[in-house]
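In what follows, a single structure is set out as structure tokens and then discussed.
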Amino acid sequence: MKLIKAIFKPHRLDAVREAMGEVGIQGMTVSEVKGFGRQKGQTEIYRGAEYQVYFVPKVQLETVVPDELADRAVEAIAAAARTDRIGDGKIFVLDVDRAVRIRTGEEGDEAL
Amino acid sequence: MPAGGPGGGTPNDGNRGQPTTMTTIGVRTGALLAGVAAYGWAMGPAAAADELSGGDTAWILTSTALVLFMTLPGLALFYAGLVRARNVLSVIMHCVAVACVVSLAWLAGAYSLAFGDGGASQAWIGGLGKAMLAGVGADSLWGTIPEPVFFMFQMTFAIITPALIIGAYPERVRFAAVLLFSLVWLAVVYAPVCHWIWGGGWLAEMGTIDFAGGIVVHTTAGVSSIVFALMLGPRRGFPSELRPPHNPGMVATGACMLWVGWFGFNAGSALGANGSAGMAMLVTHISASTAALVWAGIEWLRYGRPSLVGIVTGLVAGLASITPAAGSVGPVGAVIIGVIAGSFCQWLSGFMKFRLRVDDSLDVFAVHGGGGILGSILVGALAVPALGGLGLADGVSIADQLGVQALAVGVTAVWSAAASWAILAVLRATVGLRVSEETEIEGLDITAHGERGYELT
Amino acid sequence: MPAGGPGGGTPNDGNRGQPTTMTTIGVRTGALLAGVAAYGWAMGPAAAADELSGGDTAWILTSTALVLFMTLPGLALFYAGLVRARNVLSVIMHCVAVACVVSLAWLAGAYSLAFGDGGASQAWIGGLGKAMLAGVGADSLWGTIPEPVFFMFQMTFAIITPALIIGAYPERVRFAAVLLFSLVWLAVVYAPVCHWIWGGGWLAEMGTIDFAGGIVVHTTAGVSSIVFALMLGPRRGFPSELRPPHNPGMVATGACMLWVGWFGFNAGSALGANGSAGMAMLVTHISASTAALVWAGIEWLRYGRPSLVGIVTGLVAGLASITPAAGSVGPVGAVIIGVIAGSFCQWLSGFMKFRLRVDDSLDVFAVHGGGGILGSILVGALAVPALGGLGLADGVSIADQLGVQALAVGVTAVWSAAASWAILAVLRATVGLRVSEETEIEGLDITAHGERGYELT
Amino acid sequence: MPAGGPGGGTPNDGNRGQPTTMTTIGVRTGALLAGVAAYGWAMGPAAAADELSGGDTAWILTSTALVLFMTLPGLALFYAGLVRARNVLSVIMHCVAVACVVSLAWLAGAYSLAFGDGGASQAWIGGLGKAMLAGVGADSLWGTIPEPVFFMFQMTFAIITPALIIGAYPERVRFAAVLLFSLVWLAVVYAPVCHWIWGGGWLAEMGTIDFAGGIVVHTTAGVSSIVFALMLGPRRGFPSELRPPHNPGMVATGACMLWVGWFGFNAGSALGANGSAGMAMLVTHISASTAALVWAGIEWLRYGRPSLVGIVTGLVAGLASITPAAGSVGPVGAVIIGVIAGSFCQWLSGFMKFRLRVDDSLDVFAVHGGGGILGSILVGALAVPALGGLGLADGVSIADQLGVQALAVGVTAVWSAAASWAILAVLRATVGLRVSEETEIEGLDITAHGERGYELT
Amino acid sequence: MKLIKAIFKPHRLDAVREAMGEVGIQGMTVSEVKGFGRQKGQTEIYRGAEYQVYFVPKVQLETVVPDELADRAVEAIAAAARTDRIGDGKIFVLDVDRAVRIRTGEEGDEAL
Amino acid sequence: MKLIKAIFKPHRLDAVREAMGEVGIQGMTVSEVKGFGRQKGQTEIYRGAEYQVYFVPKVQLETVVPDELADRAVEAIAAAARTDRIGDGKIFVLDVDRAVRIRTGEEGDEAL
């Protein structure tokens, strides 16, 4: 199994979730993160003072999928998250040793 | 309008002490110019001829509630939203604690120093004859309202003045220093200046116009804020690496409460429910609206985006600027004050930070001090009837009045600065003014008060 | 009660202009029916016989503060809590900016258009004689209160009316369109309708009852909201994929402030501190309580859970619905209005969204417009003494009055819709009404104002 | 001061019913001691000699708005900030719903039970003659104010009293139980106790002093809170594993609103705009400030850090404690009450939780009940002129008065406890008092109201 | 060493933390996440409008443990987090190359 | 490629970000987490009642770097995050199979 960890722009979340559904992936976990990268944070101005905000809000999606689905999932995320603008984000794939569904105790691909 | 000529020696008890039972300005001004009488009852219940007015009393009771509301929660939210989330509680704590300390000090003696009979030293300071409200009962009158109501109304001004200074030192100050500074400052700066102008002191004698506190409140607080900021030093990362206001909606909520409460501040300063109160409320509102739009408009031009924090800051600048003039100018004067307040205070805010590099963190001087001084000077000119103003006292020229106003502002500024410096020098050497760097990074909420602002899970 | 018969030609200056020194309803109604006198002083300080009442002035000064408090921060929080977190500041910004723009426009001419002497065209619109408050001083009276106080009290109504419309267009509107629309709308819709009903215009002549603004405020704002929502188009994802209110506690806080402030809105509309004000406050409160419980009760039945957003929405519906009737109905009438408001407005809210598919985003029409229209019609019947009402004018039957009320509502609705459409058509073709889709997704706080609502770390 | 001797049989309509047109305390006390007259008009509009005072009416209209503001949003925010984020909405919902239910019940009969003529059983309970305000119109007077205004002012007290009890049961109570308990409790506890003391009942006859509700409001609510907490059982994890207040800034905002609103509560209880109102406002403020500083000071000594939640809790304790005494003590008495309130209530709060292990979750008894009882007893002694108090009635010794006060508190406490127990026993057996454990963990916002407090993304 | 990544219902956090203590694991890092899976989000109704909330609030616990403790840790979490209701969550195990304790510079199992 | 996952004290974030820049790492993703470990939560007191807060606020930084940079990155983080006080946190290194830059589709070290 593979852990796919994707970091992308928050407003693409709905599109990515749908794309995942089309690939047949139902389970995923999402968190809000702050990104640092080529895309720089914004400058905010209050009362004439500039505030440098270094980070950019991103969402991180993590999903564990059977090996054979991993590549399709990566392509699906990449396509759905893409806006062709700087700051679109990254997808990383890691190897997973073991997976357990808490409710049933099922293991491996069954658990996903 | 309510001013005797600088050379004329007409006593004047400050606009606060005016009898307000008459309803036309003509009559009212006349009574004022009959200065000695007005001054007479400023000494308290002796003037038995006065009669309680239910309408006036109802409005000043209400105004007292409105002005307390300005500080709590108005100013507390206005300021607390501007700091980092990890200091939000400390700012509110400062506002609450300063209010409590000042209230007790006002009872214990500060009211008496400001409004009591000073005897031989009356020009400089009131006596302690009314400390702990000695001799004042529910049946004592001050003009047409009970003296306890006058005491309370004035107390809410005494609360908000040192509370304004809270904006100079957040996110790094020691709590003990806040309390001690506010207490001593009330006695050494606020009470005397209040006496000079509203308690029948020497500036009142000279005919200084300060309807609701451009000098007594905003000049004292604004100038002292610069001194405090300088003595304390800037926040880590000032001015380039600070965090933005953590909750602009909270800032705006507080500013709106200040707006509503300011109706009590300015219209209540007429000390009665009459046309003067109505006109004061009107010009207050117009100046605020104008300054808000001007501030936001300049932001729009400069940065392409008008901001919420900006528009409400302009609002408060407009309110502070009209304060000394609210009894003397008409709607046109209010618009002029608003335009200048919205542009001048915005420029001043940048100038303080980036040229002078003073970390008066929440812009107390730029917004309140600058605005109050501006209005205190402008009133000398804008009171002219040609601009819809109510006119100056008989025989007083604009130049005369401008001179008096400048003198009053200047002396008040120097005294506020010097006294604040002295108080802070002592405190720095004893309890200390500033927390450690690690405490500053962790935030005052958890380190000084053991609490966290938001636990949203 | 305060209505001449439609055919009777008795002039009527609207409930706003009533002299309120007498304390029994009997006397009060009598004075009203002596319409010409009442109308006479509606022209301003000419009526020298009037005398200032301190009690009345104190209460209207207070009411002015209360009604400003309704918009800022009341309505601002009520609306801001209902949107997504990324648009919270933009909604507050709209409320503040609209208040400022309207205030200046009110001074510049709108007050005069509404309440000034219209001369030959008095039936349709007031003149510009009082633009910039020309001729109005601190000693001018309006009935028993200073005219500056009347000006200010009315101004707070002029502020909240276009501010209500903010609920129609949040999360997608351009800021410039908000400002321009509000400004023009004030002159073209609010000022004339206000004149027709409260300024001695043709609907006043016909005896229209609108105590505190069911037609002048809620009908105009409600109908214009539908037009704005239609011209602007719905938010992305409307109606099925929207996000829930981001902060229901903020919604409720704002609603509570509306409740408290509405005491000034309705009881202040008696223009005096008297029994009429007391009874208006009472029926206002009863209608609000009833409608809130009815709304929550229906939710409980339908969804199994009464919600906070629901109960406070019912509250506001009850407040809007009683507004036109607060001077004419008794407690029983208030309960009836509350029951209808809580159920009808809830139904209407669903109908607008799911049948008509209009994205009047924060239900301005369903809650305020529907409620205000409802109350404006019902008052014709519920004023009957059998239900504890204060009765209609002599010789006016329920059918007569219902006819007048329906006519007034109908004409106002048509005029509001047509004028709003015209203003928006021009704005759409020039500055544009709507932001880009990407901006909408990112949220207006950061894109239009450069700020973020919550930085809690 | 406003008390007949316990043995003297002088009727006394409670401090609420005082005529307040006179402005000196001397005259006022005299009128009070002429008890029968005062009592006479307590029966309503019969006393045709009374005349409406515009000033008094303006102030009580304002006070009504202030006291409603105390509950909504004041108390709602004060309480809601103290719970976990997942229950924030449920607490606000309780406050809004209780206010609505009580308002309708007050109209339907509770007002009449409290203030109507009880005929033969007048010592115990008023009659139903004024149910639905029968016979009361806009022109009915109560003293110098319209009876609808008196009805409304009293209603706001009837609202806040059961609303205080909300602090005893949050985070685990069933919503239906809240509504039913509040409704029945109003009729069975509040209305009779209010009648005994303010409606001319037996405790009024004995000369009980309770200016603004130390017994009627705080003792009843405080004692009932203990009973409710005991019947309901503690929250999961009480007392060692609870979560800290989720939003101390919200707590402080609410507390500040309570402070401002309390000016209407206490100074409004003078029922007029006069010196008595002014002095009541003054001592209220001083007690609050003192108690806040004492509470925070003790925390500073004990834990090394004064907290925001602490200082504002002390504030509220000081406000509750001065309430019964606000018409009788002077500034020195206020300081004494404040010092005792700030220390005693803090000790009591720990004692309740850690010794008695009662989960009166937001310290209703410790802060409001304990404070109110404390003040109700102390007033018997602190009214002495030596401490600046206004004195007791002629011929009444301190010991006499203390006896009366203790009796009144004791009987009220026993009655409140017994009646609350009975109501809750029935509710527990029928609708049930408590939610399931899983619901408690998930939080009441989503489970009982289908909403989430914060959606900040 | 293994990284155990467990996603489960928020209200089981205390139980899980205690269970970990019993296995002898003291260190862990927890974050709030949004879950998508078989358990669907709720429908919330405001003013009569239904809002589909797709995600379910979950917590994610991450802990790095010595290889030999991994299985016991997984069992402990599974037992403690289980409520037998849909949405109970998942446990994933990944391989960790290196671990460092920042304060001391210790590495490997020592660092945990 | 390696995924470096570092958990440390929030107020060291700026220092760590700068240190990363010096090593030549520009991309990273940060989230707020709660830590459990040797450093115990604080006791907070409200109205005399003690509240035990078990967790400590930490930040978690994740960055994927080319294999050859991993060690230097770990040392840089460790140095910058260190305060020598308990609770300084941990750094974990995991192996990454694949990395994609969403905007361009670049893979591997190019994508970082």
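The first chain written gets the first letter, and so on, giving A, B, C, D, E and F; residue counts start at 1 in each chain.
Going forward, a residue touches a chain if its C-beta (ideal position, glycine included) is under 8 Å from a C-beta of that chain, and two chains touch if they have at least 3 such contacts.
The shown structure was predicted, so the numbers you read here are calculated from the model rather than taken from an experiment.
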Ask   = Through how few touching steps can subunit B be joined to subunit D?
value = 1
Key: Of D-E and A-B, pair with higher C-beta contact tally   = A-B
Key: Distance from subunit F to subunit B - Cα centre to Cα centre, in angstrom   = 48
Ask   = Cα centroid separation between subunit A and subunit D, in whole Å?
value = 54
Task = Express in whole angstrom the distance between the two chain centres, defined as the mean CA positions of subunit C and subunit E.
result = 53
Where subunit A touches two or more other chains at once, by residue number = 31-32, 44-46, 94-95
Ask   = Which residues belonging to subunit C are in contact with no fewer than two other chains?
value = 53-56, 58-59, 62, 243-245, 248, 273, 303, 305, 307, 309, 450-454, 456-457
Note = Given the complex, residues on subunit F that touch subunit A span 1, 3, 17, 26-31, 64, 94-103, 105, 111-112
Complex contact set, residues of subunit C against subunit E = 239-245, 248, 299, 303, 305, 307, 309-310, 313, 346, 349-350, 353, 363
Inquiry  = Help me check something: in the complex, which residues belonging to subunit D touch subunit B?
reply    = 23-26, 53-56, 58-59, 62, 66, 84-85, 243-249, 252-253, 256-257, 259-260, 263-264, 267, 272-279, 281-282, 285-286, 288-290, 292-293, 296, 303, 305-309, 311-312, 315, 330-332, 335, 388, 390, 453-454, 456
Query = Which part of subunit C faces subunit B closely enough to touch in the complex?
reply = 52-59, 61-62, 64-65, 68-69, 72-73, 76-77, 80, 88-89, 92-93, 96-97, 99-101, 103-104, 107, 132-133, 137-141, 145-149, 151-152, 155, 175, 250, 273, 448-457
Request  = State the interface residues of subunit E toward subunit C in the complex, per the touch definition above.
outcome  = 44-53
